[in-house]
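Every chain is named by a letter (A, B, C and D) in the order it is written, and numbering of its residues begins at 1.
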Amino acid sequence: MKRKGFFGNWGGAFIPEVLHQTFQELEQEYRKAKDDPAFWQEYSALMSNYSCRPTPLTYAGNLSKHFGGAQIYIKREDLNHTGAHKANNVMGQGLLVKRMGKKRVIAETGAGQHGMATATMAAKFGFACTIYMGEVDVRRQRPNVFWMEKMGATVVPVKDGSRTLKDAINEAFRDWVTNLDDTHYVFGTACGPAPFPEMVSWFQSIIGQEASRQIVELHGKLPARIYACVGGGSNAMGIFQGFMHDAVELVGVEAGGHGIASGLHAARLCGTDSSPGVAQGYKTMFLQNSDGQMLETHSVAAGLDYVGVSPILSDLADKKRVRFESATDKEVIAALDLTMRLEGIIPALESSHAFVQAFKEAPGLSPNDAIIINMSGRGDKDIFTIAHAFDDPSWKEFIIARAEEYKK
Amino acid sequence: MKRKGFFGNWGGAFIPEVLHQTFQELEQEYRKAKDDPAFWQEYSALMSNYSCRPTPLTYAGNLSKHFGGAQIYIKREDLNHTGAHKANNVMGQGLLVKRMGKKRVIAETGAGQHGMATATMAAKFGFACTIYMGEVDVRRQRPNVFWMEKMGATVVPVKDGSRTLKDAINEAFRDWVTNLDDTHYVFGTACGPAPFPEMVSWFQSIIGQEASRQIVELHGKLPARIYACVGGGSNAMGIFQGFMHDAVELVGVEAGGHGIASGLHAARLCGTDSSPGVAQGYKTMFLQNSDGQMLETHSVAAGLDYVGVSPILSDLADKKRVRFESATDKEVIAALDLTMRLEGIIPALESSHAFVQAFKEAPGLSPNDAIIINMSGRGDKDIFTIAHAFDDPSWKEFIIARAEEYKK
Amino acid sequence: MQLEQILKNRRQEKEILLMTHIVLGYPSFEVNRQVIRQMVENGVDCIEMQIPFSEPMADGPVILKANQESIAAGTTIADCLEFGAEMADTYDIPFLFMTYYNIIFKYGEEKFLQQTQDAGLKGLIIPDLPPEMGEDFFRLAEEYRIAPILIFAPTSTDERMAELNHWAKGFIYCVARRGVTGRKSEFGDDFGTYLARCRKATDLPLAVGFGIQDRADVQALKGKTDMAVIGSRTIRLVEEEGPEAVGGFIAGLR
Amino acid sequence: MQLEQILKNRRQEKEILLMTHIVLGYPSFEVNRQVIRQMVENGVDCIEMQIPFSEPMADGPVILKANQESIAAGTTIADCLEFGAEMADTYDIPFLFMTYYNIIFKYGEEKFLQQTQDAGLKGLIIPDLPPEMGEDFFRLAEEYRIAPILIFAPTSTDERMAELNHWAKGFIYCVARRGVTGRKSEFGDDFGTYLARCRKATDLPLAVGFGIQDRADVQALKGKTDMAVIGSRTIRLVEEEGPEAVGGFIAGLR
């Protein structure tokens, strides 16, 4: 028997009683929207008029030649307004918030992309907006913070716990239980209590819908494999859903950080440091110690640096429908470098994880095969991290010179 | 009698003899491409697969309501790959370079957008690439420099003259006359010697082609007015061409800097400090003194900070087909602020000039009228300038803290 | 005797009962001991001991910080169970564990219940385990005679209260307002209506918690509820004035 | 006498003529005077005086910098015309103005030609004014008997050379290579072929410029061209060793 909100063993809604009613209403509104074809139409019209959907599926001729195996295609979620797939989910939830008549939205953010997208949506829909962001991430993603504030959002740096994504989520929940009457919590990924995993995946499925049509147009047949990075799992779910019932291998790539053996990573479905758990309102594989306390995670990519993972992906891992791999920080920087040089495309650090695994496997496939890499976002936002990772001397000089001006 | 390469009194190709043959070949290749319907098809397929054309025409409902006059639509060139309309021109020239069999491209850049676009195109097409950029602009647009270098381009800071766009152009010409056999100079705007003004405008006309179709779809009829910022004039020419023969008022907005009266601006077609001249290979209205020496210009927007202007626009100004206005730095920051807050959209500082004028005029038009603002690019690239203009304290703290790390 | 009965008996003798809260291992088990001793000596009727969790989603800043520091200091679940046993053995009032579900889930539900029973504790408060997420667990708890304390919130409908009552044992924890622990609550008209709804929905004793700060608050609750819950207030007191201050504070509440 | 004839006469007496170049007002008109005096005294046959322009697109770093510093020091077109008149009046060799077209265009073409003629100058080199961009101007120049010097480049086709020859007066300036002024040129086989093409295309005297540095370069050109042009080399010399060094340098070239 399928339990409501569960995917196999995973999911559910482990929420404080005060939120019970709010979730009932959200669930209802979501079901109504899902059953209403006009809603999806409104959603996809919004995404094509305000963002630029359908996003292209770019053929990466130079990378394909370089690796001499599969034909490599890149799904360009970076071309969305605000620069990542996060916009899809957020605009969809924005429409729901309007339907529910709420006036304020809150969100957590790691890489800042989801915060940017939410602040943007709030400006567009005229909602008040508060964004919770781990203090570590505020530091990693300062430009995004600046833009969120300019868009009228209040950004609250979260100083508890590991001061990253999970702590921002806890803090957002604390806000929500306090202000639930007028506030909607725009969850940023396919995690959290039901109906979020399913609902976020639904909005993101627009990626896979487009990609499955586009690859057949361009390549003449379905791809052999699809690669997506996995933070919470929303971009992966988004593209995977277009190919779930086809003979297409789906590969999720987690943050390998300094290496799986180092303990400094965020590999929940392909590592050995995770175990089943219940936190942040849902049941999934968590990086936790034997007492059930969550571990610190690490990734060069703020958006992958998370202890949990979509319960839907945990289920697909159980069912072996999705294969999970990991990419180390070092591999990520190398793949990013190659992609910039050969294709003139700058993937976000998060997205670059998917590129790493695709590059490892492309040479072993036939030139008749296509693979798709889901490029979840663009790397501009990561300039502070990337310039740092490349140890760029003129960047450093520039920052030092700017600082001198500001000190005057 | 129409002289070849002239638009009314303006234009021509005032070039050193050593370039004569190169321009002949370029002119020929351009004519061939223009007469070949397959070329435009290839071009627009590239733009839709690699960038995300057609870019949306976004209805700005909140701004429209705010001003209570015309319905405001925004043409979203910011959603292009690399973040500005510059990509259109560059990809088009890239295809020509391939046809000409050259292996290296050079370009000047002011805002860095054209340099970014050229470096990107070079990576995609496998060309060697050198970008000339005024030293002042290198400082203003450091992030773009970083990405250009990562894309494999060599960025040369130009230390002569006013160390801005015009000097970068001179320097690029010096490279070109030296390396003309294997090198194409990807001119970045609708200026320079013929056939550049016409050719760049042709590639950019894709904006107007789309917009004229889109506005009728969305608004049911043609717009009353169109606003575009004018640096060299390429984005303005791009959108204007879609409406040239219609009863649509075309408005070009130049950089008013600290105000027209201050002398610190870049107003060539609506100010009083310019006069006819010949420089950088073409004849147009230049900001120059009575001896014919070029003046220093000023704008908060690096991409508008230029002494000359498209000869085609000088002609359209003569013919009163396009009206020219200017926006001051201060007005630009205010318009940018409003647009971020009300629509969740971040226009580039250059593009924000067009917003200023549209905001001034929208209240005086009827709600039955539509106006289009050409949003030539996104403002992310301008974070260092914008955060500075807003005097954001946490941004300053952040930069200072980063600098401290780098000093260790 | 089971929790419900113990509280009902005590209620016979007092106008209002007091439940207090501590975070285990914060600032240390030794201080916990001192604090609990003073609480018991000053007439507290029930104590909830929070086993720290790294993600205390329903707690406010004071308890959040206490959780994190306790974990950072090395507190383990085994330590907490052991300490719980010691307290239940030492004092003749009911003790409860309060914690988030993951702690129990990860430890093993049955093993945890078994040890809780062995330790002599009477109940469990798990703010993130609504009954529909833990049907098996609720059945097991019954087996091990550990009362699962359920929570009513101002947002709970009458139907929801009825459903919760169906699963609840021991008493009902009525949170006084929206929000997390630690901030002050107002006990106005809305609160009265809400509490009346709670009363109608269950025969179990009612405890009111979230933001109860002082004597005035406790007085205001007399006649309206069976038990007042003092949470973050004592943690702050210990932080600011040391464990010795707890006795006087408790004594002055009723 | 017109420029072509003057040069042809001088060529009767010398194996190769020398043309030198200065940037007016750099580092000052006073230094220009000293330098020109030494040039004339040491047998230079023709001098091009560059009127500075803020955008000297065809010039390399040395001349570029000289242009900018001259303008920054306040040099005006009127100063240049006046100084030109003084030189033409003082010395019995042909003087030319070299400048970019905007200087003339902005000053007024006819007024500029009139004053150039009045000053006694013989010709004009305008690197950014190909004849098809200046038909009217070329006709006016003829009227005022100012020779418009045109440029052949290694990239010019035979047809192009013929067309240029049609407009040219005085002599043809053959640039030795691609690129801007200032870098050294190689006079190899390709150069020989190129120069032969130039010779065939015109009856005017041929001058070769761009990158001629020393005696060896000038020697190599003997018999192949009528005149060698020394450009940035003397500017660098003045910068490094002062104006006094020019005389000896010029004397040693032939």
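Just so we're on the same page, a residue touches a chain if its C-beta (ideal position, glycine included) is under 8 Å from a C-beta of that chain, and two chains touch if they have at least 3 such contacts.
Since this is a predicted model, take the numbers as computed values, not measurements.
Participant: If you walk from chain to touching chain, how few steps can bring you from chain C to chain D?
Facilitator: Tracing touching chains, the least step count from chain C to chain D comes to 3.
Participant: Please identify the chain with the largest separation between its CA centroid and the CA centroid of chain A.
Facilitator: Of all chains, D has its centre farthest from that of chain A.
Participant: Between chain A and chain B, tell me the centre distance in angstrom, where each centre is the average of that chain's C-alpha atoms.
Facilitator: Chain centres of chain A and chain B, defined by C-alpha means, are spaced 33 Å apart.
Participant: Where the CA atoms of chain A average out and where those of chain C average out, how many Å apart are those spots?
Facilitator: Distance between chain centres, rounded to whole Å: 37 Å.
Participant: Where the CA atoms of chain A average out and where those of chain D average out, how many Å apart are those spots?
Facilitator: The separation of the two C-alpha centroids amounts to 66 Å.
Participant: Give the residues of chain A that touch two or more other chains, as numbers and ranges in rising order.
Facilitator: none
Participant: Could you pull out the residues of chain D that touch at least 2 other chains?
Facilitator: Touching at least two other chains: none.
Participant: Could you classify the connectivity of these chains, where an edge means two chains touch, as line, ring, star, complete or other?
Facilitator: It is a line, because the chains touch in a row without closing up.
Participant: So which chains end up touching which?
Facilitator: Listed by label, chains in contact pair as A-B, A-C, B-D.
Participant: Residues of chain C touching chain A in their complex?
Facilitator: Listed in rising order, the residues are 53-61, 64-65, 68, 71, 76-77, 100-103, 105-107, 127-130, 133, 150-157, 160, 164, 175, 178-180.
Participant: Please give the residue numbers of chain A that touch chain C in the complex, ascending.
Facilitator: 12-22, 160-161, 166, 170, 173-174, 177-181, 275-281, 286, 288, 290-294
Participant: Can you check the complex and tell me which residues of chain A touch chain B?
Facilitator: 48-52, 55-59, 62, 76, 79, 81, 83, 119-124, 126, 139, 142-143, 145-147, 149-152, 337, 340-346, 380-381, 383-384, 386-387, 390, 392, 394-396, 398-404, 406-407
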